[in-house]
Each structure stands twice: as C-alpha cells, then as structure tokens.
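Each of the two complexes below includes chain A, the first together with chain B, the second together with chain C.
And then the complex of A and B:
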C-alpha cells in the first residue's frame, strides 16, 4: 500500500470546507444529550467543562496536523504502514476502521432511538435504519465531493436551529450558573471527558487531509471549525443549565430536544417534532463521513474496491441493528464507543504524532550523517 | 448511458456515376425513390446534351428558372463543360462532384445537379428553399418586459437574429451535424475569449460522439448529452429567447442551435439558473431581486406545503395550536379519506387541469381552467371530498410551481411533490426530511457539462451568488460568473464603477 494518496485534481476541495466538515461531524446525536451528561459530572459548571474539552480538542488537532505535515499527502492508513510496517500498521488501521464503522452504527442507532422516543414509538428499528443506510450509501457513492457537499449543506441548512436555541433563555434563571467554578478540577476534567462522544469526529481530518487543496491552511480552518463547535456546545450547555432546574436536568436524557418543546409560533407549537426531523440533516454528514472514511480504509487495507467497503460496512451495521433491542444495550454500546473514541481520537493521535516526529527527526539526522560521512 | 457508444459503420466504397444521361437518370431514380418529386430536365444544343436533376419540392423554382437555366441558355459562346457552366452561374455556393452518393445527397438537400454528357464531373448548385414561419412572440417563456422576438425553426434565421444581437468578432459558430441519418445541421455558438475552452470542448465532444439516427430538436439533444439521464431535473437549459442566449453567451456559456428546432440549448446551467428569468435582468436590480426571491420561496413552498399538511394532519397534529386545529378539524370533519389520499386526489385533479389546459386550444383552455378550478374545487369541498384548507394549499403550491421560468424545471418540481407526499403520509416529518436529504444528495451528484450542478452554493462561489441567487446593483457585477471559468474575467473595470463624486463636485 502506498503511504501517500494523490487524488485527482478535480477531487480536491478547498481548505475552507474543513470548517464545515469538522463542525458538521462534531455536531450530531451527541449534542442532544450533551448538557445532561456533562452536568452529571461537573454540575452547574458543566459549560466550563465543555469549553475545556474544546480547548483540549484544538490541541489534539495541532498534533494531528503536525503529524500529517511530515508527509506529502498521506492519511492515517498510510502513516500506519509507514511507521509500523505492513502487518502491524494494517492491524492498527483495521482497528481504527472498526472504530469508525461502529461510530457510524452508533450515530445511526441513536438517531433511530430519538425518533422512536419522540415521534414514532412503534416504528420498527430496521425500517428507518435501512432507509437511512441506503441514503448514506447513495451519498458516499458520489465520493468525497458529494460527502463534503452534504457536510456543507447540512451546516447551512441547520444553522437556524442554533438561533431557536436562544428562545428558552427567556424562561431561564441565570442564578443557576452561580457560583462559578464551585467544583474541583477533577470534576471539571471528568466533565470534559464525558463530552467525548459529542466532540468526536475531528479525527476525520486524518483521512480527508490528502483531499485538501491548500494543505498549509488546513490547521487554521480546522481550528475555526472546532471553535464554532465549541461555542455551540458551550452555549447549548449554558442554556440548558439556565433553563432546567438542577434535578430536572439530571433526569432529562435529551435536554436540547426538550428545550425545543417550548418554542411557540402563532401557527406552530411543539417545535421538537420539527427539530427531531431536522436532526436527520445534522447526522447525515456524520454518517456519510464515517462511512466514507471507514470504507476508504477497507479499500486501502484489503485492496478491494471502495464500493465493496461501503456495502460490507453498511450491511454489517444494518445486521447489527437487529441485535440492539433495549435502551440498556444501546447505552452500553454508546459508552463503549465513546470510551474507544477517547483513546483512539484523543490519546492515540498524540502518541502517534510523537512517534512520527521522533522517527522523522532520526531519519533526518541519519541522512545528514550519510551526507557528511 | 448508451450515447457514448461509438464505432462507425463501414462506408460504401465511393462510386462515380454513369457518364450516359439515361443511365444517370436511372441511377438517381433507384437511389431516390420519391416518384414525381424528382424532376429531370434535359437540354440540347448542337448535339450537346445537358441534364438538370432536382427535387421540385425542395427548390425555389424562380431561382432555378431565372438564375440557373437562364444563365446557361444565355451563354452561347462556349461548349457545355463543367468549367464553363461553373463560370456562368451567378451563384455563391456551387460544388463540382461526380460521386453518385454525393449527387444524391445534394439533390436531397435541395440542390440542382447540372451535368453535361461525357464530362468528368457535374455541378451542384444550391437553390434550396425552406418554408419558415415568421418571427413571433415567445410562447413558452412569456415576458412583461424586454425584447419579444423569439427563435424560429430555421437555423439560418436564428443565427441571423443571434448575430445581430451579439455583434462581437469573437462570436464563433462551429458546424456540427446531428443524426447519422437525418444529418440535421447544428451550430455550436460561443464567444471566443470569454467561454472556457474546456467547456467548449466538452460540449462539442458530447454532441459529436452522439451516434443516433435522428434527433427531433434541441430539447431532445439536451437529454442525450446530459450526464445523468435518470434524474428528473433538467441539466441543460433550453430557451426560445435570443436575448437570453446573448446574455448567457456573454457570461461565458456555450450554446447549440439546431436546424428545425425553435429552441436553443445552452450550458453549463446550474440548478439556480433555472429560476432566473430575463426579466430579472431588465428590471431594476431591487425589483429583480424581489422577484427572484419570490420565485425561490414559491418553489420551496410548492414542494413543501402539501407534504407538510399531510404529515401534520396524519401524525403530528400536536404541532398546530389548538385554535387553528379547531378550524382544520372542522373543515376535515366530513372528509372520509386519510390526508394522503385527500392530498393525492387533489394534486391529481390539479395536474389534470393543467395538462388539459395545455393540450386544448387557448380559448377552450381558459374556460377549462375556470370550470375545472372553481366548479370542481367548490363541488369537491361541498361533497366532502376534501377540506377547504387543502384546496388553498394545493392552489398555492400549484401557483408556486408555475412561477419557475423554465417549463422543464417547473414540471420537475411538480413531479417530485408526489413521492414527497407519499413519504409524508408514511413517516410524517421524518419522511419529508428523508426526501429532502435525498434531493440534496441527488442535486450534489448532478453535473452540467462537467460543472457542478449546485453552484454557486456548492462548491461555494460567494461572488457568483450575486448573479444567480440574489441580484446585486449593476456596479457590483463587474466580473463574469466565476463558475463558468471565463477567460476574460471582467465585464467592465470595477474601479470605474466605484468612483464616487465628492459633495458638490
């Protein structure tokens, strides 16, 4: 397998698009439940935890870009092979691929669950998941160009939902926020760790990097994307804390969706029906990007056509959807993926980047030695 | 799909025709089986023999008599040879040929074949006459404002109109032939120095690679050279307005005009280009902007309103505030069907009205509209078939779809409503969103002559939004649309437009 990928000129996209890719993949099913999850750990200072998580993410992004910069135009699969050799590298790639495929699956199942809870309690899981999977396959078949387009239009099409989020503020009580910084650092960091599921997604840069046109600008736009996400998440958490009484936030599984309930227009009530439907547009790019990256890995590792990868992973996800029957299983699975995500997306890239940097330095020294001697 | 299949048939070996007049006659007769349409006129002079072969349904007989025969007869000095005849004919387009197939093809195109016996070759002289209708107002794209002239079926006439509109030395008109059997003439028109050569090349390649017996018109040609023939959305624009083509040419687009077709095909046209009307250009920019936004909103509502009604009334009636729900419930109280059936029924009626109105003569069509719209609508409500509110919604969405300037796009929008209504009936809001997501992906996948279909929204060209999505004051449109990758980027110097006078200067 080649370390570097050199896609055709027409497949490259502007670095500017990374803002939308990163933002759209981070905002997903995680956001709906984010305030509660963090609140359980960091109490009314949850919003600080979320912000902290955003800052940590931006540091991880720096590491990722530093690692990617060492290569001409490589993705994680290529780097694995370069650093660890064929067998070990491919095995690591395979683990990463499985992780991305399961994230795809988790997003899908979480959305289906939201739909079942909020709109159609009797809708069979397989029906909606099948249709969604087919939709995603249709998108991924168009390649990176269409996938990035979906990410872009998803952000443009759902940005107004963020404005609606401010409506609950008029019923809020800002005293819920005080006293600020009343929890200890451990709780804050635990809260930050619990945002993992929502923050996840930025690792996609390690796979789309070869397709970025102006690679030197990538970091800048990545940080902007991450910044927008962090602000969105922090605001959502802040508003939830202000809006909900403390013990009711603990019991509300999807506080962001619940807050939509109180939006009221002269000819429209119960806004959450619209919000839940629109959530599909929010999760669509997540699923597309994850399926794209995972299937890319499939074709890179196994040297098959990417189309095969798409079908194999999608059908595996569909088959797996039959095994999840209860909320309890769903929870375990989500926690598992979140934990895996914490190690694979936050910790692992930092370690790998250090290895790559050290290795490259050694090589440079060696070649220098070779030149001088 | 199949249109890229190439591979030409083996051509027959060229064959010179007989030198004897009687045999030549027989040869042409067997080749062209057209009965009395085929006319031979033999002339004799001092043992010299000359024959004129022509198709009398295709030629201008005055031209034949006044120009061809007269000048041949007047010339008494020289013998009848190929060169001497060519010399005396006061005409521009004459060719010397001797191959039977060329002769037959020439006669078939309305030329006269002049052949003196025992000469090595004869002469084809063009005396073709085509019946044309006069210039009329555009029928399919009606306008309040702006030039009214429209294309006709004659390629020459159309080129004349276009050349008069665009008096630019850079205006190129390359010859193309469409249809292996019909050999319809076509012209690829673009402005050199503005149009991107890559686009010109792609466009030309696609038309040339077409192996088809016959293409009935530019609209059909468009369908054959589109990249996705499964889609409902038209990917190339056809118009019958010359000024529209001129504007497009100056924006760097490439057009194809076909003989016998009153439409001009041009591209690349993005999705939003189909919502542009020439009127937006002729109007002041703020009015144009308003009208364009109106059209986009109307289209959006037209697609969404009926499905939303179905979704809300079938599944999510909680969404409607109770006072409104009361009146909705009242009006639906007598309706025995589920909302999907009700909506589909009424949409069907509207489509029937539209189709019947389009097929009937104008006068009857109007009556039809009134009878159908008012009587059926009123009666349907009274009979308890549908609710009042649905009638309003359906009428609104029908109106909305008619605001689209392109008839093809309007039809596409009406068609995609049906699957969305069905999905809304099946899964409510989730169904509508599914359809919405599907169409987003679908539109992202489409392309028009190698350019993305959703520009300037994706890939984003912020500057171009002033051209196709909004409309800006004229001084800000100093550049040509970026998406067309034009060679000449500026329409006028942007600095000049931004010069401002001081107070009392």
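And then the complex of A and C:
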C-alpha cells in the first residue's frame, strides 16, 4: 500500500470547506444532550468546561496537522503503515475503522431515538434507520466532493437554529451562574472530558487531508471551524444552565431540545417539532463523513472498491439497529463509543504525532550523516 | 455493470418513495380527535384522584363545542385511557392549555402530577398551572353558554391577559418547574374561584416544595411581583392616613369637597420598576433590597396640591415608606410560612462559594435572614393636571 494518496485534481476541494466539515461533524446528536452531561460533572461551571474542551481540541488539531505535514499527502491509513509496518499498522487502522463505523451507528441510533421520543412514538426503528442509511449511502456514493457539499448545506441550512437558542434567555435566571469557578480543577476537566461525544469528529481531518487543495491553509480553517463549534457549544450550555433549575437540568435528557419547547410562533405552538426535524440535516453530514472515512479503509487496506465497504458497514449498522431496544442499552453503547472516542480521537493522535515527529527527525539526522560520511 | 447500476438506483429510489410515505406513523385526522384543552384534578378519596377534561371538538355540526369527561384513577396515564373509553374521539394532549389542581390536592403535593406532564413530549412547556379554590370540577364544569368560549381557552385567556397586564406572575409549567427544582426558590400559582358564572383569580398560592402552604391576596401580590420581576406598566393603589397629608390637601378657596372615605388613597400607574437583591452580610444573612421605580400619579381621593415640588417630594417619601413597610411585612410573612417565592435562596447560593448548600439547610438559615428594604419611587408625571 502506498503511504501517500494522490487523488485526481478534480476530486480536491478548497481548504475553506474545512470550516464546514469540522463544524458540521462536531455539531451533531451529542449537542442535544451536551449541557446535561457536562452539568453532571462540572455543575454550574459546565460552560467553562465546554470552552476548555474546545481549547484542548484546538491543540489536538495542531498535533494532527503537524503529523500530516511530515508527509506529502497521506491519510491515517498510510501513516499507520509507514510508522508501524504492514501488519501492525493495518490492524491499528482496522480498529479505527471499527470505531468510525460504530460512531456512525451511534449517531444514527441516537437520532432515531430522539424522533421516536419527540415526534413519532410508534415509528419502528428500522424504518427510519433504513431511510437514513439509504440517504447516506446515496451521498457517499457521490464521493468526497458530494459529502463535503452535504456538510456545507447542513451548516448553511441549520445555522438559524443558533439564533432560536436565544429565545429561552428571557426565562433565564442568571444567579445560576454564580459563584463562577466554584468547582475544583478535577471536576472542570472531568466535565471537559464528558464533552467528548459532542466534540468528536475533528479526527476526520486525518482522512480528508489528502483531498484538501491548499494544504498549508488547512490548519487555519480547521481552527476557525473548531472555534465556531466551541462558541456554539459554550453558548448552548450557558443558556441551558440559566434556563433550567439545577435539578431539572440533571434529569432532562435533551436539554437543548427541551429549550426549544419554549419557542412559540403565532401559527405554530410546538417549535420543537421543527427543531427535531431539522436535526436530521445536522446529523446527515456526520453520518456521511464517518461512513466515507470508514469505507475508505476498505479501498486503502483491503484494496477492494470503496463501494463494497459502504454497503458492508451500512448493512452491519442496519442489522445492529434491531438489537438496541431500550434507553439504557443506548446509554451504554453511547458511553462506550464516547470513551473509545476520547482515547482514539484525543489521546492517540497526539501520541502518534509525537512518534512520527521523532521518527522523521531521526531519519533526517541519519540521512545527514550519510551525506557527510 | 451499467445496467446493474441503473437497477440499483431505481430500487433505492422506489424504496425511499414507499418508505418516506411514513407508513409506520399513525395518521391523526383532526375530525376524529378530541383535543384536551383543560384538565382538572380532584382528590376523590385516599389513593384515588378524579380527573376531568374539557375536550374540544372540530365537528362543525355539533352544537356543544366541549365535552366533559371525568374518570378516577391513580396515574395520569390510566386517567387518560379511562377517559378515552368514555368518548367517541381519540383524546390528545397536544393542545392542553390549562391544568387545575384542587386546593386539597395542592396541600398534599402536586409534583407527581406535574412530572407526568414534564415527561410527556406532547405537552408543551407553556401550559398554565392553576389551583382551584375549592374543587377543580366546578371550574371545568362552567356553563359554556355564559362564558361564550370553551373553558380551556377561557382560562388560558384569563391568565394570559392578566400576566400581560402585569397583575399576575406567569404560572407556566416551565416556571413552576424552574422554581420547584431550584433549591433557592419556591413556586407560586394563581388560585381560581367560581364567582357568579365566571371564573376569576382570587389570589396566588404559595408553595413550600410542592405543597401549598399559604395564600396571598391579589393586592399583596403586587409586592411579590415587585421583588421577583420588573414592572413595565404596573399600577398600585396605596392607603394612607389623611391626617398625615393635612398640609398639602388643597382646599381651593374654601370650596368644600365631599369625602367618601375616611382615609386617603393614592393610585399610581405606568409603573416601571427594577429590583436588586444583594447579600451584604454573609455571616448574619443580611440582604439589601433596592427597589427603584418610576411612576405616574393618576388618582388621589383628596385634592392634593401637586404644583409644588416640595409636595411631590413629600408624597414620594410617603409612598416609599409605605411600600418599604409592606415589603418588610411580606418578607416576614414568607419567613414565617417557610416559603421563598422571591428567590432569596438563589441570591444566597450565588454569593457563597464552596459546597452547595442543601435545601433543608437553606430553609433553616432562611428563618433568620434579615432584610434591608429601600424603595426609591420617582413620580415622573401627574397626568394632565397639576
């Protein structure tokens, strides 16, 4: 397998699009429940935790780009082979593929659950998941440029929901925010760690990097995308803390959706129906990007066609959707993926980047030695 | 290969057409639905509650718009299925506007019934919660011909217009939840009474946790709202001893004016207020309450000489004093009843670092809290006359 991937000129996309890719993949199903999970750890300072998590993410992004810069135009699959050799590298890639495929699955299932709870209690899981999976397959079939297009449309089409978030503020009680920084650092970092599921997604850069046209600008646009996400998340958490009483925030499963219940339009009593429906547009790029990246492994590692991988993963996810029935099963699955995501997306790239950087430096020295002697 | 791809596309396209018609979703035809607009709960006997619902019909041929159904059960869910058995329509909660709990029930605690509403995603967050002065049935049972609209809409409008006029604290489900689940605040709900074929608001119920412990009359409610909220167009009538105003009562050229009351009443409106509550002494629990107001003097029961600035200052001072003493009285009343509708606890918790205080501990501290009340009212206008 080649370490570097050189796609055709026509398949590349502008670095500017990374803003939309990163933002759309981070904002997803996790956001609906984000304020609560962080609040459970960091109490009323949860918004500081979320901001902290955003800062940490931006550091991890720097590491990732530093690692990718060492190569001409490689993705994680290639780097694995280059660093660890064929067998160990490919097994690591395989673990990453499973992780991305299960994230794809978790996003799907969480959204189906939200729809079932909020709008259609009698809707069977398989119907909605089949429709969504087919839609995602259709998008991924179009290749990376179509997937990026979906991400772009998703952000443009749902950005107005952020404005609606300010409506609940009129019911807010700002005393909830004080005293600021009342929890200790451990709780703050634990809170930051619990944002993982929402913050996840930025690791996609390790797979789309070869397709970026202006690679030197990638980091800049990545940081902008991450900044927008961080601001959105922090605001959503802040508004939730102000809006809910502490005990009810701890019990509300999707605080962000519950907040939309307060919005009232003259001819529409229940705004959350619109919000939940639009949420599909928010999760669509997440699913597309994860499915694309995971199925890419099939063509990179196994040298099969990527289409083959798309169908294998999609069908596996569809089959698995029959086995998840209750809320607590969902919770265990989601927690498991979030934990895996914490190690695979936050910790692992930093370690790998250090290994790559050391290795490259070592090699450079070696080649210099070879020249001088 | 080309052919296969075409087929694949066709299959995907067809299957999405079939699936996207949402065959798994039950159809809900408006004519067949009975929309619940109001629910009343009464305690029937121990371990059993009676729920009465007012149901709106969409059938244009029907003469009565609402249907009353009553049933006994232990949980809201069984109540609804019991009620469903008694009607030809499918009952839906999506248009619920008003929930009434009987006083008896409210004194025992209502959080179980409120939580059932919270858990149901079909129920909106802006449903009004109210307390019936006696039983909820008699309110829902109002003769529709006399109030002209269905009872759910009537109650909804009754509360909404009073909230908009700033005569009432908004009693939505969300606000009840917020105040209930906050350690440092207790909920307040309006009390409804039946008066001459009409439903009217007779006061507000003060809650300790989810139990109603005291009633506050409508004129006292003004001060509670002053402390918790901002007034934008409020109004208030104040009562004074006439002797205190002897100096400025204007006797125009010896003309005598008839006196209906033996006291002096002053009415102010266009009231804009802003209240700040601060914890000034953490150890001795002293709260500083600063109320700033702008208002218009509209009505006095005696002819006062308002032309002189000194007189206006005098009236302002009198009003401030009166309000201060009323607010202090009210706060002491709250302390005695162990209720905290103002949210003094929230203020306390916002200022004290360290481990969050439990609700029980706060209630103990609350008893000994002291309040420093200062009202600063400015009479900006006196209408079209001096």
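Just so it is clear, the second predicted complex is superposed on the first by the 373 of 373 C-alpha atoms of A that agree within 3 Å, B and C clash if a C-alpha of one lies under 4 Å from a C-alpha of the other, contacts with A are read in each partner's own complex, and residues count from 1 in each chain.
Convention: a residue touches a chain if its C-beta (ideal position, glycine included) is under 8 Å from a C-beta of that chain, and two chains touch if they have at least 3 such contacts.
As the structure is a prediction and not an experimental result, all values here were calculated from the model.
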Tell me which partner A:40 touches in the superposition: chain B (first), chain C (second), both or neither.
neither
Taking the superposition on A as described, I'd like to know which of chain B and chain C A:350 touches: first, second, both or neither.
neither
Given the touch rule stated above, what does A:118 touch, chain B (first), chain C (second), both, or neither?
second
According to the stated criteria, A:269 is in contact with first (chain B), second (chain C), both, or neither; which is it?
both
Once the shared chain is lined up, is A:281 touching chain B (first), chain C (second), both, or neither of them?
first
Once chain A of both complexes is superposed, is A:131 in touch with chain B (first), chain C (second), both, or neither?
both
Looking at the overlay, what does A:14 touch: chain B (first), chain C (second), both, or neither?
first
Between chain B (first) and chain C (second), which, if any, makes contact with A:152: first, second, both or neither?
first
Once the two structures are superposed, pull the chain A residues common to the chain B and chain C interfaces.
119-120, 123, 128, 131, 135, 138, 264, 269-270
So in the complex, which bits of chain B are touching chain A?
315-316, 318-321, 324, 427-430, 432-434, 436-438, 440-442, 444-445, 452, 454, 457-460
Using the touch rule from the top, collect the residues of chain A that touch chain B in their complex.
13-14, 16, 115, 119-120, 123, 128, 131-132, 135, 138-139, 142, 145-146, 149-150, 152-153, 156-157, 264, 266-271, 273-274, 276-278, 280-281, 284
Could you pull out which chain C residues touch chain A in their complex?
12, 15-16, 19-20, 22-26, 94-95, 118, 121, 124-126, 174-175, 177-184, 343, 346-347, 349-354, 356
Complex contact set, residues of chain A against chain C:
43, 117-120, 122-124, 127-128, 130-131, 134-135, 137-138, 171, 173, 175-179, 182, 243-248, 258, 261-262, 264, 269-270, 272
